[in-house]
Every structure is written in C-alpha cells, then in structure tokens.
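Listed below are the structures to be examined.
Heads up, the next two complexes both have subunit A, just with different partners, subunit B and then subunit C.
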Partner chain A sequence: MEGQNPFLTAQAQFDKSADLLDLPQDIREILRWPMREFHFRIPLRMGDGSIKVLQGFRVQHNDARGPSKGGIRFHPNETIDTVRALAMWMTWKCAVADIPLGGGKGGVIVNPASLTTAEKEQLCRGWVSQMWHNIGPRMDVPAPDVGTTGQMMAWMMDEFSKLQGQYVPGVFTGKPVDMGGSLGRTEATGFGVIFTVREALKHLGLDPAACSAAIQGFGNVAQYAAIGFHDMLGGKVVCVSCYDLKDKKPYTYSHPDGVDPHFLQGITDQYGTIDQEKATAAGYVIEDAGAWIEKDVDVLIPAALENMVNAETAPLIHKNVKVIAEGANGPTTLEGDQLIKERGIFLIPDFLCNAGGVTTSYFEGVQNDMNYYWSRDEVLQRLDTKMTVAFHGVLDMALRQKVYMRDAAYLVAVDRVVRAMQLRGWV
Partner chain B sequence: MVQVPFETPKILTIHLQIANYPVMADEIRRRMREELFRRGVITAQALEEEVRAKAALSQVREGLPSELREAEPAWELRLERVRDYLTDFYFAYNLPIDLFEQIIDRLLDERSVEKDAFDYHFNPELAPFDLLLKQAEQYAAMPLDNQHIVQHHLEEIMVVLIKTIVSDHLGFLSIAKQWFTAEDMRFVRSRRIGTGKVGGKAAGMLLAWRILQECAPEVAARTVLPESYFIGTDVFYEFLALNRLEYFDQKYKPLDQIRAEYPRIVAAHERGHLHPAVLNQLQGILERVGQKPLIVRSSSLLEDNFGTSFAGKYESHFCPNQGSPEENLRDLSLAIRRVYASAFNPDVMLYRRQMKLLDYDERMAILLQEVQGQAYGRYYFPALAGVAFSQAPILWHPRLRREDGFLRMVVGLGTRAVNRVADDYPRMVVLSHPLLRPETTTEAIRRYSQHLIDLIDLEDNAMRTLPVDRVIGADYPALRLVAEVEEDGTITPIVSRAQFAPERLVLTADTLLQKSDFVPTIKTVLSTLESQYAFPVDIEFAITRTPELVFHLLQCRPQSSMGGMSVPPIPSDLPEEDKVFGVSKMVPQGLIENITHILYVDPLQYSQLENASRRQEVARLVSQLNAVLETERFIMLGPGRWGSVNPDLGVPVSYADIYNTRALVEISVPQRGIIPEPSYGTHFFQDLVEAGIYPLAIYLGEGGDFINQEWLARAGNQLVDLMPEAGPYADCIRVIHVPSERAGHTMQIVMDGERGLAYTVRER
Partner chain C sequence: MKRKTETVQKVQTADADLQLVLSNAIGMTESALEEAVDYCGRKMGTDDRQTVVEQLKQGDRTACGYLYYHLAGQVAEWLGAWDESIKAVYIYDSDATAEDVCFGRPETPPMLHLLIWVQRKTNALDATLGVLSRALVQSYTELLGRPGLEHLLDAQVVDDNEVNNNIGYSALLCSLHTCPIRIWER
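Up next is the complex of A and B:
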C-alpha cells in the first residue's frame, strides 16, 4: 500500500462493491467522491509570538443516512486524499453498524508533538472557528483520531458552544466522561469485537467456552477483546502480543493455561508495554513477535497494526483456525485476504468487527442530545444489541449473495447508503 | 419458326422448340400448364403431387435415400425440372401442337410490344400473378422521370396483387396500396405456403413497418420484425376437403347447436391431417427456424375489416419447438389444425351474427411467427410484451390525454396482456402520463400488478404460467427495467443487487417508462401509424434487452375497442322520455345492451341518511343485491365515489360487492357549491377493466350531462320483492326493472369515446 494514493484505493474498493451490486453509473458518481470538502488555513499564534499558518481539511463524504461522523487527525503527513479515503470509509462503517450517521473525516497537517499544550488548544479552537458553520449535531460530528485526544474534543466543543451562544455537547464525541463523554467508550471497541466473535462462533456451531483465541496486540482494543473473550465468552486466550518500548521490538506473551488478561493489564504501562519480569515470574512464556499467528487456536484476533496478515504470515495460520476477527483497521493485505478466502476461514471484516467504537460515539451523541447519561452496563448492553444486529445483517448478505464476508460488509453498507439516497429522492 | 425434322414424336418437337427460347422457356411452360389446367387435362394439385412423387423417385435414382430430403435450392431445382418435363409430357399427349405454337406466337407478340414499356396489354384483374409481379417490378425499376406516366398502371397492378395474395377488404386495400411494393408482394409469396390470401393480420406487420420506414426511419431502424411465414387461405379449404369436414356448415345453425357441436368439431380438426405437400413445406420452415419457439396465429379475412375486431376471438397457439424434428412438426401441424377449428368457435359465430358478417365467406389463413423473446435459464420470454392503442380506450382522470395512446403490457409472453385474465393484472399505461396510475397506495399498486408470467419452458417443451418470483432472479437482464421492490411500504426502483428479493418484487415497469426511450418510441410508432392509416390503430409489440432495448413490432391493425365491441352511433332522434342519462367526460368506447335492471342509490336520500353506519348498511345491501341480481344484466347508479372509504363521499363498497354490474355510474352532485370529483372506479379500476365493467360519471349541470330524475322517481321499486329485509332502505335504494316500466324494452348504453347515452330500446 505504501506510496499508493489511499483515495484511489478506497474508490477501487467501492467500485468493486458497486460492480457486485451492479449499481447504475449515476449512483456511483455520487458515491465515488465526497459530497463536500473544506480546505482552509488556520493561522496559529505560537508561544514565541510568531504566526504559523496550518492547512486544515474537513471532508463530508456522504450524509444520506445522517450527519457526517468521523475523526480529526493531526498528522504531519496528512493529505487531502487520505482524508477523503477515510471519510468514505466512515460512510461504510456507520452504515454497516446501522447507525444513522454518514461519513466524514478531517485533519490538519501538523505534528502535534511539535506543539505546546497552549498551542494545541489554539489550533483546536482555530479549526472550529473555520468550520463551525458547517459542523454540528445535525450536520457533522467530529471525534478524536490520530494525534487528537478527548481533551482536544472538549476544547473544540467549548469553542463551538461559545460561537453558538449555547451549550452544544453533541457537536463532538470522544469527549472525556466528565465533559459529556459516554461511559463504556474505553471498552467499546474491544467488547464489540467479542460480540461479533460470539455471533460468528454461534453461526459456526461452536461452543465459545471450548474455544481458544490468539490475540495480536495489547493496546486498548486487544486488552478488552482479551477480557471479553475470557470473561464474557469463557474461552481461553492463548496469547497476546505487545511492542516493548525498551527493547524496541514486539513479543508474544503466552501461558500454558491461557493468559489472564486482567493480570496482564495490571502489569502493562501507559504505552502498552507488558512488564517482562513480572510476566515471566507468573509463568508466562515470551516468544517471537510472529508466534501469535501460528498458534493452534479457534480464533485469531489481529488487533494491533495494519498489514499483519500478509503473504508471508498468512500461510503460517494454524489449520484449526476457524475465525479471524479483525480488531485492528486493515490488518490483512490483499494477498492475506486471498489465502483466508481460499482456506475458507470465517472472517469478520475490520469495519464491522471494530465498529463498537463508532457505535459508542453515536451513543455519546444520543446521550448529549437527551442530556441524560446511561450507566456503563446500559451502554454495553445497547452496544451488544447493535453489534449483533449489524453482524447478522452482514452474515445474511454473505449467505444470500454467496459472497465473502468482507465483500458482504461492503455490500450491506453501500446498499444501505443507496437505499437512503433513494428514499430521500437523491437518485 | 424453327424447322423440326418430319415425323419426330410430338414431345420431342415441343422439347426442341422450347430449347430455342432459353429465356422465354419458363413463361412458355407456365402458359402450357395454364392451358392444361384450363382444359381439364390435369388439376394444378394433381400435377403438383405427381411432380413431388416423381422428384422423390428421381432422388433415389440418383443415389440419394428418398427419406432424406435435399437442401432447399437443390430440391427446388429438382422439382422445377420434373415439373417442366411433366408439362411437356402432358401437353404433348393431350393437346394439339397448334396450340403450343400459338402460345409461342402470342408471347413473341407481347414481347415486341413490351418495347413500348409504358403500357400493358392484358387485363390485370385476369392476368396471372407472376406476370403482374414482373410488370410491377418493371414499372418500379423505371427511371423516376417516367414513373408518373405509369403510376396509374402500377397502382392498379398493386391493388390486384394485394387483393390476390393479401386481402380484398377495401379499407385495408386503400392503405396497403399506398405503401406496398412489388418487392413486398414477392416477399409475401416467397413466405407463403399453399395458395390463397394470407390475410391482413399477416400483412399488417409488414404494412406498418413500411410506413415506419418511410415516415419514422429512426424508429424503424431500431425496430425488429419477427421472421414470419404465411399459410394461404386455400390450405384451409383444402384441409376441410381432405378430411371431409365440409359438412360442418355451422354458420346458419342455431347458436345452441353451434355450441353443442363445437367440441366435436375441435376433435375432428385435431384428428385430421394436413396435405403432405403442406407438411413438407412446414418441415422446410422448421429446418430454417431451428429451435426457436413459434407462434401459430389466425389471420382470417374478416379480421382485416375496419371497425370490427376479432381480437382474441380466434385462437393462437405456441409451439415451443424443442422436441425432435418429428415432434416439432407434429405439434406445429396440430396447432394449425386447432386454429382452423377456432373458425367454428361459437363466440365467433355469435359475433359475426351480431356484426352482420355471417354471409361473408370467412377463410382462415395462418401467420406463423418466431416468438420474440430471449432465453433466461430454462425459460424463454420477452422482457415485456403487450398491446398498444393509439387512442386510449379508457381514462380515469381528466389530466390524461386519450390521443397520446395507451398500453397494456406484461413481463413475458403478451398473452396475458392481450387477453383478460382473472386475478392478475397487466400494467396499464396512458402514454400522456406514463407514471400516473389509478392506484395510490403501495398495497393497491402491488395488488393490481402482474403476479404470473406466461413463458415457454424450453426444458419441458411447453408453454407455462408461473409465479413471478419463481421465474425472475437477480441476474435477469431486464430486472431493473421491469421490476421494483417493496420495502417497508414503499416501492422503489432496484438500483443495487442487494435490494433484490423475489418475494418483494413488484412488476411496475416504471424504470423502463421513465428512463428509457421506450415511451417516445412507442408514441412515435402509434402516432405515425394512426396518421397514415387515417384511423386509430392498435399494435402488438414486445421488448427484449440484449443488453440494448430492442423493440419488436408483431402486428398492426385498425384499432378495436377493448372489449372487441363495435360501437353503433349514438341515436340523435330519441324522444326525451327514452333517455335515462347522458355522460360527456372521459367516456370510453363500448356498448352495453339488454340491461334489465338499474340499481339506483338516490343521492339526496343517501345524503340524508343520519349517520355513517346507515350508509355502511347501504353498502351491505348493494353487496347483497349484487349477488341476488347475478344472473341479470344490471348497472349501478349512485352518488359520488363508489368504493370510497369515506361513506360521505360515496357508497363504501369494495370490488367484491359490485362485480356483477355492467357499469358503475357515479352521479356528481354539487354540494354547497363544491363538485366532488368522481372516482371513475379508481378504488378498484383494474378490476373493473379486467372484468369489462365500465366506470362512468355524470357531472350534473355540466357538458350536457343529465339524468332522467323524473323517470327514475316514477319507476317502481323492486327492492323489497328481491330482498324483503331491505324495506327500511326502500327510499334510498331503488331497483328498477326496465321491462316492467316499458314492456318489451331494455336499456342500453352506447359510449363512443366522446359521449355516452343510456336509453330504453325495444328488445331484439
């Protein structure tokens, strides 16, 4: 994927779905491009008094199903085509999760590490002052993404509310819980992964309690996926993996009796590195980074980085693996995908599998709107319902159209957006 | 004259003589045969049989197995040579050599005057067909400058040619002669089996195509005609003679007898057999057609008459044509015999009697066409087929323009659109507003749509009627043009494969009507043909998608009304007291005769009923009367919108409450200055159309609309006699027995498309 224009890739992916759905040309023309794009300059007064002018974007790919939804990225290598691609991807993700939101994405070309806290706040407020006419709970609801945080969302929300002259918490999601955020958001993505895994096992007629999983990664998603698999499904987590900041290399941590995710969470630092000594002391075996993929398990959950299931690693997948749940975004390359398809392993594609995050963002907006906040359990309960329904929507499509799950997810998503456009009379 | 050695046998003399005229030889022998036939030496048929027998023998002699017929050109050449030889033989042994020499002399004379090519020296009405054809071709090939000199000759020859081979109905001739060329006649003859006329229906398609080529070339270029063959009328008579069926002289028998004998006639036709020469030619056609399905259609001489319609009266039969060559020939022959039998159909006889056409010598020609469609899996059918009228025969809203035309069409074979079928509905389209329909709710649209498809099952070699969801799959090429899906109470076009769900399909054809060039195309076709026919026309058409849309023109004829009725003129000299009511808005074309009962719901009384439940009770009583009067011919006449759910607007009946009525008449009574809009039966419009029930509306005080209140008020009410328990409603519901009011009279309603009049008339 390196060097390839991500927007062209996204369009190609869409074209493939459009071909499968045999969409007419006029409808494709609407969906192949964002409906609206904003390019703007943000003058930023730096700590030393100088002015730095930064380039900002907001892309609203499609809002047929509801207000645009998608993160704001502060990244030095940001390009408009990355933002376009991710905005389109959000359209499909919201649609597949069946939440009433469209797709958007925004960004600023900046390395946040180069800014002081005050400068970051200024940048956030600057972004809002450029965009405030075109965002809002009924128009476009941004959220944190690469390089942005909950704190930043709170600043942005504050700026927007000031400009509006009223408190509007629902304009941004991913806010801190104390400032209009939703409970359960931390666990949402990882648990969402597990809800889909549970449904997949049910579909395959497997007893989750008798199943084992190998998880790659031990960040936010992987941690709660491991906890969920262990606590909620009663299955055995054979291993997790993490990047060791000290050694500057990743390892796989396994335990002969299965790992205890709560214990591991307790010995993991804020950067996601597991304490090797404590782990070894507790009987954990530290293996090569790639060991996770070769484990004799029923379920593989790549929940770390992109492109980890590829031409080299995919052939190593154990013959007993029945389900691959893509907790991470884009963990599988085209070649890896081909091998999974050939081997008939049941795949839960990323934008379905990890849609728990965006679903909880949606819940946050809902709670902001009604100004009433659910308990953590209530949020997770609703998340379970949403994820389960979304999973079966995709499964139905796969069975009905006899297509691979990843294709089915795209078909469901595109079809829902098309249907909304039809009902609204756009096409 | 060439010298021939003395004492040569006569046959050799003739042979050697003819050898001297290599170009004239064919014509000489043709005239020799004419002499043979004329002088009764041998009949044309007997000669032809002998030719075939001898040809078959010669085939064996030349080392070919007799059962294997040679390819078309070789076999034709063989026949021709044997025919020539037999001609010489019969002539030599039966007729004087002088006569032979006279033939040659006369021919040489004619040729010398032929140099004066502008004139002919024969009476076209008596001249042989070939001669006329050749002459017409000569005229047509003349330089344009000279054409006007021979135009009158050409026209006369064309008239004779058309009369001889197509149809002699004057209305048809007057149009056909303007368009047909000698080439067309040659084509018709080349596709004709046997002799005799082929009928106007067979030629209607060719005629329409000629007109389109000339007047709408861009449409003609995109129009496809089915490969067609014709069986001349003489074959019908020959069949009757061959099978000794002439004794079925049905037409002057009483109708009951005609009805009683019909099954026997059909059976006799099914048992009978076609002449071997005809079978031989049919076999040739089947070889040429290959495995394409065929349709055998009647093309009777009466069917060409302007103003009468035999639409759907004679039979058509499909031949799927998927069996062995022997099976296919057997099926084709049976289908032809069945169409022949339909000439004796009691309904046809009745219609001819009514239309005073009984004395005409009705002969049945046959049109044999390749079925237009495409294979989809094991099935074969067109994406759409149906019938289009240049004048809309029915309307349900004043916005609609009659003169823009009208369609009845279905997915699959057009049989379901041409004929009325119970409980299933073709798509009706008024071309002025293709997307307007009488139904407004999703539920009604779905209900009044097509649910069954007629098609040819290629695997079973049979015609079938199957549910839509069993036939149409997501991969059906024309899916999105003809079908939409219902989802959550809305019907939307299919734009993505994921939307396909067989059980939710609704065949609306809206996408085709809205987004393709179909509507403009068919409007052009209809308006062009109507203006050139100088008469409203109806056409049968089909559409396939390959993947471009292809328009197939199957037939064109002067327009028949929907019920196949001919409408007499509205009488202008009626005494006022004979008139019952008159209507002038959106009046269809039709005739309802012998009406004995009028079920009249009095608008004033109805409006004065104290509450809705009393009005519901009226609806219930109407429903019961509908059942009680089942065997009678009656109409319903009442206030406002029949079938409205709101009892204040009209009697809240459903179709099940009124289906025996012949007409549903709405009286629009101005209320507090507001004139309620009549419904024209839109609550169940398709049901009315399919059942042939006429919706009419009387706008009191407008356009000459009236109702004879006095007569209705004076007439006796039979309600209580029919239904004693309805007594309390006798003021509101009146059942008038027309013959009791005027002895020997019934009521009839004449509707001419502009106006309609109901009046009492002496019973016939």
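Up next is the complex of A and C:
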C-alpha cells in the first residue's frame, strides 16, 4: 500500500536472482534500472475549453532481446515507481516466455472515468505525439492495460500511422480484431495456463485425465482455464468460485462429478453471477468462497484477484495439492509464497503461467508485420508450442539449480537477458 | 420481564433507525443516479438524456463506466457521512487482469465494487450497506426501468487488523497490477 515502493520490491527480487546467478556488478547496475525513461506533459483541451496538463510516462526497462513490450495504464494513482516495477516485470515475462521482446510500461496519471470520450481520444493521440519518435514495431510496442482499451490502441495506432505517413498496425497490440488484432486473444491467457499445467502434470508423472483442479474465479482467464482443463486435458474441474451479487458474497460451486464449465457459462448472467437455482437443480453444491482453496484436488488455479493466497489462506491448502498454477497476476503474497515453498508444492509462477496473453500479443505483431492473419486454431497451436517450450526452460533450470520454480523463472529470464546483452557487446 | 421489554425496545429502535437510513438512502440514490446520468451524458457528449438512458439499458461499457464512477463517488461520500468508523472508500477492479476488460465480455452493466476500510466492522454498517443496496436497486429500476435487477452493490468491508496483516480483501490495497482507486477518505 502507501509506503511500499513497488520498484524497490522489484529491485530486491532482481538482486536475489543476480546473487544466485553470481552476476557481476556492472551487469546488475544495468538491469536494476530502466535503460530509458520518458517523462512528459500532455496538454489536453477539455470539453469546456480549458486546458488540463497531464503527466505521462514511458519506461523502457530493457530491449536487449527485442523491442520493449508492455501496456499503457491510465490510473489516478500511477507513479513512476509503479511503472518502473511493471516495466522490469515485463522484461522478465517476455524473456521467460522466450519471445523476442524486451520490457516496457507506460502510464498517465489520470482517471479515465473523468474524461469524455473525445478527451480520451485526444489524450491517446497526445500520448503518441509525445512518444512517436521512441516507439514502433522495432522499438517499443505498447498495449492496453489498466484503464486503456482496444479502441484506444486503435486511436493510438492511427495517430502513429499519420505521423509516419504510412499504415503501421504493429506499433500497438491489443487492437480490435477488425483493426489488426489477433484471433485467439480472448482465450489465450486461460488456455496458456492449461498448457503449462499439462506439462507440470507430465513432469510429476500424473495423468491429466485422472487429475482434478479447483479454480478461483470465473472471469475470462478462469473460464478458459476451466474449459481447457476439462476439454483439452480431460481432467475434472472440481470447483470454480464466483462472486454472487445477490447475496453479496462469493461462493464456490462444485459438483460431485466435476463441474461442466460450458454449463456454468450458460447459466452465468451478465453480471458474472452463476444462477444458484439452476446450479442447485443440476446437482451443484454451493459453498463458501474460501472452500476452493481447501479442496482435495491435484491442481489449484488462482485466477481471480491479486494477493488472495496469503498468510490467512495459504495454510488452508489441502495436503493433496500437487500443483499451483498462478493464472492471475500476483495472486500470492510473500507470506503465502513462503508457505507454498515450505510445503514443496510445484508452483507455476504467474509471469510464466499467464504469459499466453503477451505471447499472443507478440503473435499479433508478427501477423501485422506479415500483413497475413492466422486462424484461431493456428494461433492457439503456436501458443501451445511457445508455452510448452517456455515451461520446460524453467523446469530445466529448477531441476539443474535445485531451486523453487518462481526463482527458476527469474533465473531463466535474467540469464536470457544477460546473454542477449553480452552477445550484443553491451557488457 | 424487564430484559424482554428492553430487547423489544432495542429492536424497535433499530427498526426505526433502519427505516431512517432507508429513506435517507433512497433520497440519496435517486438524486445520485439523476446526477450520474447527467454526468454520463456530458462525458459522452450528448444532451439527449434518452440516448444516454438507452445506452445504459443496453449495457454500453463506456456509458456504464461513467455512471459507475460518478455513482460510486456519491455513495462513498454518503457512507462516510453516515458511518464515522469508515476511514476510506476505494473502487476496486473485480477482474483478474486488465485483459478481462479488454478481451472478456464486450458489455458490462454498472456495478459498484467498493472496498470500505473501517476501524472495526460493525453490524450497523452491514445493515446500512444492506439498506443502501436495496435503495440503489430501487432507484436504478425506477430511473432506468430494469425490472428484475437484484443487485448493484458489491461492498467489501476491511478493518484495521486485516489491513495491517494484509489479509482478506485488504490485500488488494497492496496490488501492484490493479491498485484500487481511493474515491473518498476521512
């Protein structure tokens, strides 16, 4: 919260990996800080004619492996240190996924809900006019993030194309499918989670079809993770959890024979709430929200809110759980992580597990470059290949160095970035 | 016998208090919604209230986002004035990642996801939130004609102890990726 500096936390995490890799001081000095930062002011003519000047950022943490990649956030509490931390995190995420991109992040201190649609468009174009010399398909490829949307990416791409004097769709990803976006993007993160779970189960000598999973959440990532576990792996999804706005509390929905994610999708209303009556009639058992983490299952998939596996909830994890796949970003606190590590549970860390999203963003850029677009099945097939290779890269490191999977993922990522810097003659 | 009488009086007093809260809440939600629709129109660049109402009825994401934000601010201010134990109110994102917003369902009706930080949790605040929730639904249905609507408010109350120990929903306050937005503080 207030007082905790996210960038210091990110640097401490890097220092730990640097120690394990025994990195020399000069390399550490490069990677502990962003390579480039842009701080700029964006004047915005408001609907009432007044001028409001907003503070914008773009941080390019490291581009040794390729153009920087990372979202643009519009958030009223944005700070440069948050952007720095997230840019560094993107460097590791792209490296661990082994996509040829570096890490970046951008932001504007603004609450988008306070702007009119026209002001938002003007802000997007203003952001590009400040940054267009320093972004591009070969330099830095931003994407939507908190407070920004696919429509905004389309506006930004249009502004960049105007300034360049040519159509450059690959400068931004996360665009609508009708405007150069990629098919398969909707399912990418959830299915990517399942590709890594499949490989983890294989490694542990478990038959996925004989395994069970408990999934927290029933949002986009959780839904496709549930569908993937059920349809692709043939496993049993014991439960999903979902917030019920009628009762104003979350519940866990389970079924003795395993939940049918397609059925649950069909009885989920527009508010994301599962119809309790229909679920009960179909034999579903409705329990308290916390029940998902206590289930006797092989795999736990937290795919909802951040920091929900913590000192309070991690001790409740059932003794038979063998794999935790972090579908959400940062679902585990430091305290929760320590408990998981002590229990010896096989962890698939978030920046590997949910890298299906950024990998498909990379595919979007590739398709934009080719001006040729793949079918959904082709995208997902390629995603499977990338996620599988990425998983094994981390697993090999974990086995070789005898370290926890989260540490191994950092080691793989840092090592790949360092090697790129060495090959380019930077160090 | 005396104790039974006291209990009955307490219940009657509590009921009367809740009635007062309810009538106050309905008044607040009615005017807050009217203002929120106006705000929505201004932000969407239209003076035509009916157009805005239609877009809200259809669950247009942009329109609902504006309504949600303005309404949340009004509700937070009202709660802060009503209950002295409230220290701050935040809007939090109920989705796992920003991807859920960009690549998930295309339309979402308004929903107030509030994180309410209090010194300590009380039954009185729970009761107030229950009443507020009913008032919101009633006012929203009257204004926007959405029969069957049962819920608009998702309020998670966290206390000092939870915040200090980073547990429960208070753990969201430390979010790196999707930090809740503080919309009111004492």
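Rule of thumb we're sticking to: the second predicted complex is superposed on the first by the 410 of 427 C-alpha atoms of A that agree within 3 Å, B and C clash if a C-alpha of one lies under 4 Å from a C-alpha of the other, contacts with A are read in each partner's own complex, and residues count from 1 in each chain.
Heads up, the rule we're going with is that contacts are C-beta pairs under 8 Å (C-beta built on N, C-alpha and C of every residue); 3 or more make two chains touch, one makes a residue touch a chain.
None of the values given here were measured: they were computed from a predicted structure.
Asker: Of the partners subunit B and subunit C, which touch A:419 in the superposed model: first, second, both, neither?
Answerer: Only subunit B is touched by A:419; subunit C is not.
Asker: According to the stated criteria, A:174 is in contact with first (subunit B), second (subunit C), both, or neither; which is it?
Answerer: second
Asker: Name the contact category of A:329: first (subunit B only), second (subunit C only), both, or neither.
Answerer: A:329 sits against subunit C, while subunit B stays out of touch.
Asker: May I ask you to name which of subunit B and subunit C touches more residues of subunit A?
Answerer: C
Asker: After lining up the shared chain so the two structures overlap, which partner does A:76 touch, if you call subunit B first and subunit C second: first, second, both or neither?
Answerer: second
Asker: Considering only the touch criterion stated at the top, classify A:307 as touching first (subunit B), second (subunit C), both, or neither.
Answerer: second
Asker: For A:161, is the partner it touches subunit B (first), subunit C (second), both, or none of the two (neither)?
Answerer: neither
Asker: For a test of understanding, state which residues of subunit C touch subunit A in their complex under the given definition.
Answerer: 42-45, 59, 62, 65-66, 68-70, 93-105, 107-109, 111, 129, 133, 150-155, 163, 165-169, 171-179, 181-182
Asker: Considering the complex alone, what residue numbers of subunit B touch subunit A?
Answerer: Those residues of subunit B that touch subunit A are 480, 487, 490, 492-493, 495-499.
Asker: State the interface residues of subunit A toward subunit C in the complex, per the touch definition above.
Answerer: 1, 4, 6, 9, 47, 71, 75-77, 82, 85-86, 111-118, 144-150, 174, 185-186, 188-189, 217, 219-222, 243, 245-246, 248, 270-273, 303-308, 310-313, 327-330, 333, 335, 354, 357
Asker: Spell out the residues on subunit A that touch subunit B in their complex, using ranges where they run on.
Answerer: By the definition above, subunit A touches subunit B via 20-24, 27, 397, 401, 411-412, 414-415, 418-419, 422-423, 427.
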